[in-house]
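Below, chain A partners chain B and then partners chain C, in two separate complexes.
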Partner chain A sequence: MALAPHIYKMFANIVGSVNISDDPAILETYTFTWLNEFNNLCAPGKFLPHHPEAVLLPGSTEEVQAIVRACNRYGIKFKALSTGYGSHSLPGQPGVVVLDLRRMDRILEIDEKNKFAVVEPYVTWAQLEAEVIKRGLFTTPVQAGSQASVLANLTSGWGMNTFGNHGGHNGRNALGIEWVLPTGDLLKLGPPGEWFTGDGPGPSLRGVMRGHCGAQGGMGVFTKGAIKLHHWPGPPKLETEPGGMMTAYLLKEIPEFLEIVAPCFDTYEQMIDFFYQVGDAELAYAMMRVGGAEHMFSLMGAISNKEMYEQFYSTGLVQAMAEEMKHPCTVMIFANSRREFEYRKKVMSEIVKETGGKILEVMTEGPMKDIMMKQMPVALFGNCTLFIHHAGGFVISSGYMGTNESVVRHMGIPQEEIKGKWAKSGKILDDGADSTYYNSFENNAYVYMEMEFHYDASNPESVNASRQCLSDERNQRRLEKSGFEPNDIGLTCGDYEKSPQQRIMDMGPHYGNFHLWQERIKRAFDPNDVSDRSWYGAGLLTKDVKIK
Partner chain B sequence: MNLKQEVGGLIGADRVSDDPEVIAALAGDMSFVPSRSPDLLAKPKGAKDIQGIVAWANQANVPLVPVSSGAPHSRGDTVPSVGGVVVDLSGMNEILRINRKNRVAVIETGVTFSQLIPELKKEGLRLNLPLAPRANKSVLASGLEREPVIIPRHHWDAADPLLCLEVVFGTGEVFQTGEASGPGGLQGQWQIGGAQKFPLGPHQVDYHKLIQGAQGTIGIATWASIKCELYPVIDKLYFLSDTRLERLIEVAYRLIRLDLGDEVFLLNNFTLASLLAPNREGIDKLVRTLPPWILVFTVCGYNRHPEEKVDYQEKDLFEITQKEGLTPGQSLGEVKAEVLLRVIRNASPEPYWKLRYGGENYELFFITTLNRVESFIPALREMAVQENYPASQIGIYIQPVVQGTSCHLGFDFPCPQGDAREKARIRGLIEKASLAFQKQGAFFSRPYGSWAQMVYSQNTEFVNAMKRVKGVFDPKNILNPGKLCF
Partner chain C sequence: MALVDYKKDMMRCVRCSTCKFIPISSLLKSWRFAQGCPAIAKHNFHAFSASGKLIMALSLLEGRIGYSPKVIEILYNCTLCGMCDLSCKVGTDQELWEVLHEFRIDAWQKGEKNRLAPHVSIVESIKSYDNVWMQPRRKRTDWAKGLKIKDLNQEKAEVLYFVGCTYSLDPEMRRVAKNTAVLFNKAGVDFGTLGANEKCCASPAFMVGDEELFVKTATENINTFNQLGVKKVVTSCAGCFGLIKSKYPRVGPEMKFEVQHSIEFLNELIKAGKLKPSKEVSMAITYHDPCHLGRMSDTRIPSHGKEYYVLGTMPIKDIPKVMGMNGIYDPPREVLRSIPGLKLLEMERRREYSWCCGSGGGVKSAYPELAMDTVKERLEEARATGAETIVSCCPWCEKNFEDGIRASDSELKVVDAVDLLIQSVE
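Showing the complex of A and B:
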């Protein structure tokens, strides 16, 4: 037992002895997440080096507060996780207790009129979505999948999501928040006892809460939060039936005013033009590029590699479509009335034509027709994580947030080049040097782009190749002076050959010394340095970070 | 050396003044905040000047009070609490970029509404405006103050339409926020296709949210990117009126929910009359012809089949209003829709509409939700009667914000110019109502003047946390000391 017995007992007193464990077998599971193999701390192995000292399952805000206060008193570090989908949720240093928040799993309120829901940490997107569509509302689930925590995304990590074009980035969707600060003090953002806003009085402490990437466990524990919802034009329940491939079920009926439009473009310029025009006309419920051909087919058409091969590769379909489907886009039109629907469809087809988009027969006829209309919506609404199966493992480039032009120019094109080289080596999956996820927000006010690298997780050589490929990508752009562009989402991730500390030291000076500002904020809010800072953009404390 | 010489030495002798008349004009405003003179007025030309002043102020321990808009000020936030230097940024008024493609403008802090609106229109753009703002109000400062804006659909977050900023923190360090952070500066970023549209970050802190709402206590902004919207090709304004608010609120909820209409807000007859009539007599006359409550909304068409877009929206909208038994119209007695449309698409002509009735005006405003608005209004009217203030002269403005998740509820109390007794009466009424409303759940998210004490005394945890933030960005409390909880 690594925690002193009296400390263990004290924690057990807080959460109850059934809600605490230091069983080595249990602790070991908190060093593992899938895809860990690319993380520089353990690659190409799968287990992070730092076991937690204990795992605690608090059941209420009061228990969380008591734990955090105790941590401050005894100098024990803590790390909170909600659904724990990545290594960002696990201890990044020794001496940490994990607060696994799975017992806090209630939707506390859905305010139908004022369009928000209040959730606890372990409420998932699927859980919330099922409840809100009954009330004619929808939410903003992330590509991580419907099993991921709403609150973790809202408060603590990223925020790019499939329905961002109509629903916004989750970093901008937070309203009232309840927050146990690293000191154990309880802070409520927004009016006491109310959830309709989280900004003020005066400055908004959402500023300290989150930023672009979320504090990832380095700034205390969020125990409740209100998320802004948006309108759902569909029926209160989506009936499905078995069938299809990627989700293994299809929509029984396509909602009345729903259509998926999937134009392909020959060039990025055309595609960008399309995004701008659709954004200006406010036509899309969701708008993204997921592609090229290999990615698109494997994503949409198959639940296994075998099926994918039989359906699309052995028939030569994917190979034949590679040129035609260089830039495939998926746009969802979802209207509230027949009139609105007709208007949107008309303008959409006009824009597709004007911008050089092609609606390919292969997508609108034959087996793909059902997939596009009956399965694609299920996949999007249900937010299936489909893109990982081709090779067993995948990692993303750091990802960029900005204008269409800046992200394509400084991410899409150079990454395709580098990826092409590695794909040829046979060590990572050859997906036509594509596989981007490109998503529009707030009617194309800004977009997000990342590139996925698919590797064989059981093969260390393949794992290493994907890591090197990402380092190459970063290093090359670092050489070009203007290659650093604004708002690199990862800032400190995306180069998995380096430690977080090295990445921070690399990037900080190019971005206003954000790491120094974060260090100052960290010290101000966490004077005893107990909220595990290993994923916080100030890094682990070293002598390299000089604070005035 | 005296202050004038020291600051003059930093930014140029012609850019500082301690002329008693100038100083006297800066000593107070149209609020209940006690007047107090600054020692000096300084007019920096750019970030370098500001940095110089902030560095000096830190050493000399002299307070700085940043101001961007022209007078008259009305919320007490630019009245010095302890003297010092008023840093007047109104001369930094260059429009740095208008970019139609990305629907954004980058402006210096002194750029006013009357300056920016016509320039945007030339490019086919418009701002999501506050309700007929003062012509000389700084666009950037309005964003920093989180003033409510009139198109709820485009108000995704409380921070909108303010996106990225350059700021000189109280430590004297310069920083760019959001997408503007990073190499290249504005020019370099534009060259690679960037447009400073993504406001979050950099990385794990949203700096813009800490500067916003801070009444100048965290940093001094030099420029900002402002989210713009397309200028409509077809533009129709409708009135929907009723004797009670209830049904109008229902309609407002539906419009916002379905993204129908652009501008959507509710007014009482007094506010509508104040927006439209030139003076007290005109307002008195007009009010009598108006129904008690008016929902105003616009239906707009843009460059693609504008008629059809307007047509479907109108039909969908009319179905909603019909359900409530209400019929929208393009006139309201003698008031024509086009006239109000011009008013809400522009800065207010002089005199500012809130000052037309009495010459002075005092405000009470907070955030609540639309379905709770009605619980405040009768209570306020009752209190007004008790205080002998004519309830019929209270302007009421209800603005759904953040896509309808909450709303701004604002009351205006006109006051005869220079009438100290009336001012005191209004003050008493506002203070009493504020306390009562806070208990009732009103959220004073922008705590000017005495509201600061009222809200912060109820929220010690927030105060503690804000003090931590202040310690990071302005550890010596140089910036506008005495405001908020600092």
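Showing the complex of A and C:
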């Protein structure tokens, strides 16, 4: 159902007639995104079953407020998106107008001394990184890619990131935030006129704003926000040049005090020990476990699938690595001075030895040597999301965040067996990887783990096999870890065959009935229920449930 | 050849938005000059990005939408500059540019209502006059009056100088052809032209999707060049160069000649000591990489959806992956650096990830506002280098720069690289 002409006109008066459209061709492009073919809302196709009513491109906080107020007045639902990567960024129900925040793209302030930057929703990680690196600072880009929105990640969705080991989770890097509430009122988190913190006197609203996973568009619109920045020991510019076997671009010069160390471990216990010790010694700039040989390549991108196949699979290199490397870790050491650098390397080497780690020759000699030193940093700093899409599709299973022990206890099942079965069927990518991604935060104060693999989004059989593989994986976990309900972290992850709301309902009872608390908050903040709640709370399914 | 061949590429788009930007943080140098795609930079709705057009194409194939004035507006509000293709290919093997082009062929073939009036008139001009400017054929030789140039309709030479419609027919641009011929003569090059018999390269037909006219003209041109027995076809127009070098091979007949842009050829002459830039030209300049001399001149072989799988589901397209890295980037810079007194200041977006001037893909004629906004952005980037002059090697870029400078009261000047070289050569 299209918007009534007078309502369309009213919106056009707010944003200007060139910044609104209800043309079917334009709307069509707001029904398609990553994982749609997986998602209950769309499967098995790529398109949502419903169109938004219109797409609006507001250019300021005032325009956003005016739109939201109008939505309240006329009972129209809205959904805000920043760069829009993932099913969660699209309307989850019919009758919604989309606020594409693309025109709000300024970096408003970089406070070098106090180490924070204030950004609008469409500032990307790459843009922020380019500006702060010049000032000796760094940020915490997420694997969603350097083209994704900083503010969306801070406020509305997740926050796990490659540099979390020294930079922390982005939920904790969110400082002062400007928030257009679902009623259209403006709320500023943190002291008036200040951005250095998201808390002021009184109870903290940061938890209400995002909690663990963010409200994913269900709690109004965030229009400005400050992000904590971190120290950058490197040069003011990272120059790259074409070349290399895998990534299209190589680091021209390796920063003086940077090194990548890649030990592997026979058991989870050894690996955890390693993570703890490196954390205690505050040694690593970035630190993760990647699920085996191929997955590491996917961090680095590929000049072409053909070349990757010929150079790494046909030669048996990957198979050799997969054979020898269990629990492969990647650690970035990045120091300010030669002395500090030598110290960090020395202590790291001691810890590797002490925890039973092995640094395999295959990683330090031959083709891998250059890849580790010149290409891996480009991939890590450059953070191109497309590096993970070389089979045309990439999906993550349930994820879990906690201490090393709790994460391994809940998640540490032999994933390679489950995945192996499907990989052998030829319907998902048989890359030789165990597919476990494990990322450390705040010097290992907590970690995050997920399983991920690659499929072909253009092939329904492959999509189906991936769904079944994920289902196997969840069931296996449920079986082995009785009482544990996976899928804690990502509302787009895991039980794809269920609607997002159903997933929330299923998880809620296992996690303190968070869904009911969210629902209370939702009703208090959004009395007219206009901020599209499809990915938040439990309201769509608990309409008749009385929540006191 | 059909749009449906690329359905898998459309379905594999993840809508990540990388195609809107200069890819990966280490290529991108600032917040200000981070954009890569002129179309989305102006119009903002996702539909205008390359991903948006892929989604629309898929939707069309699935019968969810049909051709409409809006679809055509979106499709042709795109300079076909190819930046999106590079950005996406930093991490995938996906075909983007080929899809955008095939989409235009499909639209053009599906009926006259899909054809924009300015494009129809250019195509008609090529058909009737063999040039894009509706000029009589005989005028093609006006620029060469008084110059000693072989007529290859009568004589043999090693090099065919393919002048191009704009350099031979646009009174303001003829000087570039003239300066080039003067330099060739100075260097003792054995060259000639086809005079009034030169035919348009058919780039505009190719760009707007008139595949029939493109194939016909390209085939005729290849046959003519082969018959001349020349070793090289040299052109000063980046548009002609990009098309002949990178797109003619897909037409079929074997090309028995090398294709060069005149700036490459002049660079070789300087290196061989046949031209000696010695007079000082004191100026701070910046160099603009034209899309069709740069990333779009890298020879592209379309996959037409052909692929096979390895490792279960990893698609292999058995064609070279083209990321524009083999474009002509160093020769113009080397020529400029060989001129004493010139100070070359680089823009942030350069070489294969240069920002388009805004003129290509039929945009200048059909959507001048997009052409204008895009060129203003480039002028701003040029100004930020501190340069006083912007140098290019393409008539379309130069003309659009002139328009942009006039419209924005900019103090910048625009010249062709050959204008500077001739000042310096004794």
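The criterion applied here is as follows: the second predicted complex is superposed on the first by the 504 of 548 C-alpha atoms of A that agree within 3 Å, B and C clash if a C-alpha of one lies under 4 Å from a C-alpha of the other, contacts with A are read in each partner's own complex, and residues count from 1 in each chain.
In this text, a residue touches a chain if its C-beta (ideal position, glycine included) is under 8 Å from a C-beta of that chain, and two chains touch if they have at least 3 such contacts.
Predicted model only: the values in this text are computed from it and were never measured.
By the document's definition of touching, of the two partners only chain B reaches A:Y511; chain C does not. Contacts of A:K358 after superposition on the shared chain: neither chain B nor chain C is touched. Of the two partner chains placed around the shared chain by superposition, chain C is the only one that A:A457 touches, whereas chain B remains out of contact.
In the overlay built on the shared chain, the residue A:N336 is in contact with chain B alone; chain C does not reach it.
With both structures placed on the common chain, the touch criterion links A:L187 to chain B but leaves chain C unconnected. Applying the stated contact rule after C-alpha superposition, one finds that A:Y536 touches chain B and leaves chain C untouched. In the superposition on chain A, contact is made by A:S406 with chain B only, not with chain C.
When the two complexes are laid over each other on chain A, chain A has no residue in contact with both chain B and chain C. Of all residues in chain B, only 101-103, 146, 156-159, 171, 175-176, 178-184, 188-189, 191-215, 217-218, 227, 230, 253, 257-259, 302-305, 308-309, 311-313, 315-316, 367-371, 402-406, 441, 443-447, 451-452, 455-456, 458-459, 461-462, 464-466, 468-469, 471-472, 484-485 touch chain A in the complex they form.
Residues 7-9, 11-18, 20-31, 34, 44-47, 51-52, 55-56, 58-59, 62, 64-65, 68, 70-71, 74, 88-94, 309-318, 320-321, 323, 325, 352 of chain C are the ones that touch chain A when the two sit in their complex. Against chain B, in their complex, chain A makes its touches with residues 111, 113-116, 168-169, 171-173, 175, 181, 185-188, 190-194, 196-197, 199-216, 218-219, 228, 230-231, 276, 280-282, 336-337, 339-340, 342-343, 346-347, 350-351, 401-406, 409-410, 442, 445-446, 481-482, 484-488, 491-492, 510-512, 514-515, 517-518, 520-521, 524-525, 536-537, 548.
The touching residues of chain A, counted against chain C in their complex, run 19, 21, 23-26, 28-30, 32-34, 37, 45-47, 55, 57, 83-85, 100, 102-103, 107, 123-131, 141, 144-148, 237-240, 242, 247-249, 251, 301-307, 309, 313, 378, 381-394, 423, 425-431, 454-459, 462.
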